[in-house]
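I have a structure I would like to understand better, so I am pasting it below and will then ask my questions one at a time.
Read from first to last, the chains carry the letters A, B, C, D, E and F; within each, the first residue is number 1.
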Amino acid sequence: MNPNIETFIGCDCPFEMADIVLFGAPFDSTTSFRPGARFGSSAMRHESFGLETYSPYQDKDLTDCRVFDSGDLELCFGSAEAALHDIEARAEEILSAGKLPLLLGGEHLVTLGSVRAVHKRHPEMHIIHFDAHADLRDDYLGAKLSHACVIRRCHELVGDGHIHQFCIRSGDREEFRFAKDHTDLHPFCFDGLDTLTEALARSGAPVYFTIDLDCLDPSAFPGTGTPEAGGVTFPQLLEAIRMVARTNVVGADVNELAPMLDPSGVSTAAACKVLRELLLALSE
Amino acid sequence: MNPNIETFIGCDCPFEMADIVLFGAPFDSTTSFRPGARFGSSAMRHESFGLETYSPYQDKDLTDCRVFDSGDLELCFGSAEAALHDIEARAEEILSAGKLPLLLGGEHLVTLGSVRAVHKRHPEMHIIHFDAHADLRDDYLGAKLSHACVIRRCHELVGDGHIHQFCIRSGDREEFRFAKDHTDLHPFCFDGLDTLTEALARSGAPVYFTIDLDCLDPSAFPGTGTPEAGGVTFPQLLEAIRMVARTNVVGADVNELAPMLDPSGVSTAAACKVLRELLLALSE
Amino acid sequence: MNPNIETFIGCDCPFEMADIVLFGAPFDSTTSFRPGARFGSSAMRHESFGLETYSPYQDKDLTDCRVFDSGDLELCFGSAEAALHDIEARAEEILSAGKLPLLLGGEHLVTLGSVRAVHKRHPEMHIIHFDAHADLRDDYLGAKLSHACVIRRCHELVGDGHIHQFCIRSGDREEFRFAKDHTDLHPFCFDGLDTLTEALARSGAPVYFTIDLDCLDPSAFPGTGTPEAGGVTFPQLLEAIRMVARTNVVGADVNELAPMLDPSGVSTAAACKVLRELLLALSE
Amino acid sequence: MNPNIETFIGCDCPFEMADIVLFGAPFDSTTSFRPGARFGSSAMRHESFGLETYSPYQDKDLTDCRVFDSGDLELCFGSAEAALHDIEARAEEILSAGKLPLLLGGEHLVTLGSVRAVHKRHPEMHIIHFDAHADLRDDYLGAKLSHACVIRRCHELVGDGHIHQFCIRSGDREEFRFAKDHTDLHPFCFDGLDTLTEALARSGAPVYFTIDLDCLDPSAFPGTGTPEAGGVTFPQLLEAIRMVARTNVVGADVNELAPMLDPSGVSTAAACKVLRELLLALSE
Amino acid sequence: MNPNIETFIGCDCPFEMADIVLFGAPFDSTTSFRPGARFGSSAMRHESFGLETYSPYQDKDLTDCRVFDSGDLELCFGSAEAALHDIEARAEEILSAGKLPLLLGGEHLVTLGSVRAVHKRHPEMHIIHFDAHADLRDDYLGAKLSHACVIRRCHELVGDGHIHQFCIRSGDREEFRFAKDHTDLHPFCFDGLDTLTEALARSGAPVYFTIDLDCLDPSAFPGTGTPEAGGVTFPQLLEAIRMVARTNVVGADVNELAPMLDPSGVSTAAACKVLRELLLALSE
Amino acid sequence: MNPNIETFIGCDCPFEMADIVLFGAPFDSTTSFRPGARFGSSAMRHESFGLETYSPYQDKDLTDCRVFDSGDLELCFGSAEAALHDIEARAEEILSAGKLPLLLGGEHLVTLGSVRAVHKRHPEMHIIHFDAHADLRDDYLGAKLSHACVIRRCHELVGDGHIHQFCIRSGDREEFRFAKDHTDLHPFCFDGLDTLTEALARSGAPVYFTIDLDCLDPSAFPGTGTPEAGGVTFPQLLEAIRMVARTNVVGADVNELAPMLDPSGVSTAAACKVLRELLLALSE
């Protein structure tokens, strides 16, 4: 009789043989509006059994991929720095083993832990960022480590011209001004993504890919802390993911599912499907 | 003083004079993920009073149609075969009276009861199937009578080339392979429906029309057991229904509303409108 | 230490210096299906702090506008006439001070109070009406003052050809017939709005602008008493609002958010954004 | 094939043979806090099928009683007087036929319609009132016909000493002062009910029995507009009902279930059980 | 890096060394009213991490007990007999290893699988049954294997005088009559349990202990398919569990948590605590 | 026309004339299980308008008390120390003005800010603590500033014998051991409170009174992060509050309402009533 192992569906490859390693960061302490993203990774794992492993979009099956799911980290609520430290350590451990770390948030701040680890190995890396929010504040009510500042902190690591933002439709005026000078911001949708990913794919530059699921329209994804009307559709997101997957992705994350905010369960189901499609696309 | 008769709005024609007869099958025992479709037919009847009988889409009014609503069958939970038997008997009774049976599910398995009855009278019939799921498994955890197998069971009755599937975006690899050889599967959307329905209309072939409401995108219809992102819009579904209604429809059903899964009530309201438009379209 | 002032975000200009004055009418006594719009204005104020004051759609910021939020009226439930009287009085007070009254409902009937006040000063005014429902019944179960009759009552004030209805997709047959003779009804969407607003802008005619938020598709806005599938998208509504704002708007309202009907909070967030964009568009 | 008749479980006696007649008043227009009681009677009817007809408390079965359920009245929202008129007319019709009218609210104001009808036949009648709220205001924001004034209006009919209030734990200071002089108010619980009902039973005086379900503690009955902590338990209420039933009850009602406010369904289930026990107790 | 093992909190003893073995039966196909108990065992496991392992009631700690959690069986929806077969097989496997099987439902029918296995080894066993419902019907709409018949089926195995029922407050008249002749039924509460358990403890007779959590009052436990007002309190249940644990318990189960029916999560938390206290009490 | 001032009902005394000052601390960053207490203070203010200002329990009226409500602090999420600093500063400001600070949480950690301020003025103070949880951990996952450690941090300030805990029914073994040596812990209920408060009242010792609302049973108060079955009833809590109010209370707080976790609204209503009764009891 065996103990009860719970993974994202089809992600039961042993660690040693895996190409991709999932790890969850159930953290949302800096969320300023509606918390609950801490339950995102666990809900995706739990509800993934309502999903098929086969994708008719890509005609691929998760059972043919090699993915290991290492479960959720046990993070300290109330200390952003401690949480980021543990996330970074886990990402480094995965990178050291020559595997791709795929982080499941949690709030978007968790990305910084993973980006720090990837950046040490790939200082020239680019970041492709799908989000409703610019996340470019310098601080939020005095805090430098906040979900609203995460891309600004990333910018301090990777510098001008290395951050590519899509679907952005919310931020204060100052963030949009900052973006004009320092990042490659595409408002509202994916316009320009095809050109960008073709260029990045040609160059072979390492790419960190961070998906804040609130880039989706709230009609498709209501279960998130700060829903922003006017987002992209699910098929648009799938197509965009496949574009990015053609570049040299060296790290990735999926964030900001707050499952309790959507009692219909549709948001969790959509997040599971996004993850399946991302895993399939990243498995060559 | 009269007893409290509850029908779908505008469906109060006496049985004898009716062209179409509604009957509900509150059954969801084989649902493998989230149950609740058993409450679908009753919720549609109950909430239909928030709807107008007049449709500006078709410029027709339910009060001009002749529809009788016979309420819900009392079905045995836990025995799929017994439930299918009672559904088949009711459909036969309606067909014997020369009327069109319109079944309200319940989970999709209930379709099989109605299809069996119609098939006896129309062995050459075609099935037009709107759904997110292929429903073509041979068995599900050993059960042959499962919502996930219902179209496979129908195929055993009507054979190759007689099943036309639209909007399909979920299934295991085996189901899609089966479809390639045995059914006319159109993934994701309604592409090809116009050609098909024109041909069927010309031929006068009898058509059974089964609508799994989860063909709709979850943004429009979250209240269903297994929501699948990437579906069709409500206006697309209405247009498709009007296309099918131009063929020789001899039986129909609407399935898989699980009203408790959508506390906003939007799914039930949408289901009511789909039924109104279907009834209007079928009433020449 | 100051008392706790709660306004819609960024609307803290003193009354004397304001161009636009918000006032809430928490009334839904005549709602015939699902009540709850009484909580709309208060929820918008409360949840607006999840919103940015800056709009990347218009590149404007609420902090640059002059808007005063006077809170909610205390209205008598159970008496439509008394409630309308108080709404009219408040609108008159705002108009007397040379400011634009912007009413937050509540059910759609509240519009009549505001329209009465504006009509006294602008008897030649036009009404631009976004709604899923025609609201043109002469009475509803005997009541002349009902949400279902509000535009019919407005028509008695402004007469033929002065009411322009968009997105309408529900009503009884009689309402559509009435519209044919007396109003300028555009079903389903915003077709024709560009031509209309250009003509009105050229003429300088005073315009009252009433938005029933259920013109939006329920996927974007489920939290409303009578959701009607088949509505417009959020970006379409934003664009339409900017068109209308180019005319000579002398009064406006936003209605029919019933926040408790959408536990995800997405509807309230969307309503807040609609109001932000409307305020920005009306602030030249 | 029969149309779909929906009654409260076990209440399918023909009108002519019935001793008790149920009728619903789906009205809540004057509710000042959270509406939704309009759905109470219909939810009780709908959910009663989760209940047994047999009561182990009284060792009686509803199938042995003679109860007719006449469904819900169609009442005009927005006009309290019109609604009360229709309720009174229905109660009179039932009384004329020599049967006991049992009204299902709706908000508590509906009681006034029924009391008016009963009072015409029994001018000396007593009222036994279970409620968390005194409902003794002279007006509420100017309205004389409000749920908060209903017992005050009843007092104008029956006069001092004829109203007996139990479980009262909310009201303004003025209401408690009024009660001191004019009604027989028992705060918080059922203390004194045994003595009272014995005396009334001995005298044979006609009694109108009105139950506002919010007399129950919110832990047992959260689904009501204005829940008040500190109420009675379900077994206490059952026992109290049986005490009152020993008097000469000539009319009764059960009010203030707002089913949508309790997504667990427990409140509706409790209301159904209260009604079952009341019907069994009234059927000698 | 380890895979993600999910157990009930503190139940991570290896199988070989365990005294008690948990196993889940996520089955609710025969539920006649509101389904959802299929999610009970998994929710208890998932939410147990909000619980402490230490009990101040018993001054014991789960970390000192030896419990193995084998996760959920994969059961076939739609076939009660197949599901019972798999449950029986698992219980037998645990009994063969000399350990106590503790089954987590699921609907109450699952008990029959476990009882069949225990009965083979202990044909003289007694059953102590906590429940709101008698579950003594001979069939339910024709089905012999239904949640409403489970104790009747058990009676066919163990015979008269071996079933002891407590807290029963719902059933049809026939069930109560059957109980009078064949079972030891204590209505409403735990009266008589102390005497019974003392006698059973003295005799050393083997006892199967089945807890339908709806014995609790719905105020403490709303998340169940058929809530019945008038139940016992949580402290009463804890005390009763400790009484039963003093007998020779050879098998046990905890059933009928339907977590989605209680969005507050209180029911799942209560179920977790019941299980903790039961495990602690059974670990001498 | 005035701006929209929102206070807890009846708390509109100007600051200068007030005896008691309310202030909210919308903080829950260290909550380890289910967040949402950040919305507690604002929900209480918002929903208090469903409450009467008059209490029949104490025959007093809030309109006769002098309470100022200063609204919510704007606290930094993600930094417990910064939040505590701001809370302490506000409490000091209130104490300096000679008024009693009454803090509304937020999670229980916020108490520490207020206790620090009060302790400076009253180093010999006692703390009376109502809670389901001991909150005596030395750290939680490494964090010293956590809701699970707040009373331990308070103990470091006030020392042995100055902390009196009631209703405690959850904690790890170590916490209960710590309590045995250092605090005056009364498990499960209020036993011993009468003796304690009489002694404290006689001595005139300054008392800080902290109420974690989860001391209430979850049936009465489900809307909290970590509900613990087996708590006290609402009337028991009211009585206990009145006992404590007879001592020399120099500071107080009410914590841990998480309104979104209870969609019925009953928890918020109960919290409002607790606050009303506390304010009335503290206003001699």
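Convention: a residue touches a chain if its C-beta (ideal position, glycine included) is under 8 Å from a C-beta of that chain, and two chains touch if they have at least 3 such contacts.
Going by UniProt, the chains are A, B, C, D, E, F = Agmatinase.
Remember, it's a predicted structure, so these values are computed and weren't measured experimentally.
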item	value
Chain F and chain D - chains in contact with each	C, E
Interface residue overlap between copies chain A and chain C, same or different (over half shared)	different
When chain C is superposed on chain F by its C-alpha atoms, the rotation angle in degrees, nearest 5	180
Chain A and chain B, separation of their C-alpha mean positions in angstrom	38
Between chain B and chain F, centroid-to-centroid distance (C-alpha), Å	55
Multi-partner residues of chain B (each touching 2 or more other chains)	34, 217, 219, 263-264
Pairs of chains found to touch, sorted by chain label	A-B, A-C, A-E, A-F, B-C, B-D, B-E, C-D, C-F, D-E, D-F, E-F
Touch list for chain F against partner chain E, complex	33-34, 168-173, 176, 187-188, 217-220, 222-223, 226-230, 261-264
Touch list for chain A against partner chain F, complex	28-32, 34-36, 38, 74-80, 82, 140-143, 145-146, 260
Complex contact set, residues of chain C against chain A	49-50, 52-54, 56-57, 61, 217, 219-220, 234-235, 238, 263-266, 269-270, 273
Footprint of chain D on chain B - complex, ascending	1-7, 12, 15, 21, 42, 45-46, 68-72, 93-94, 263
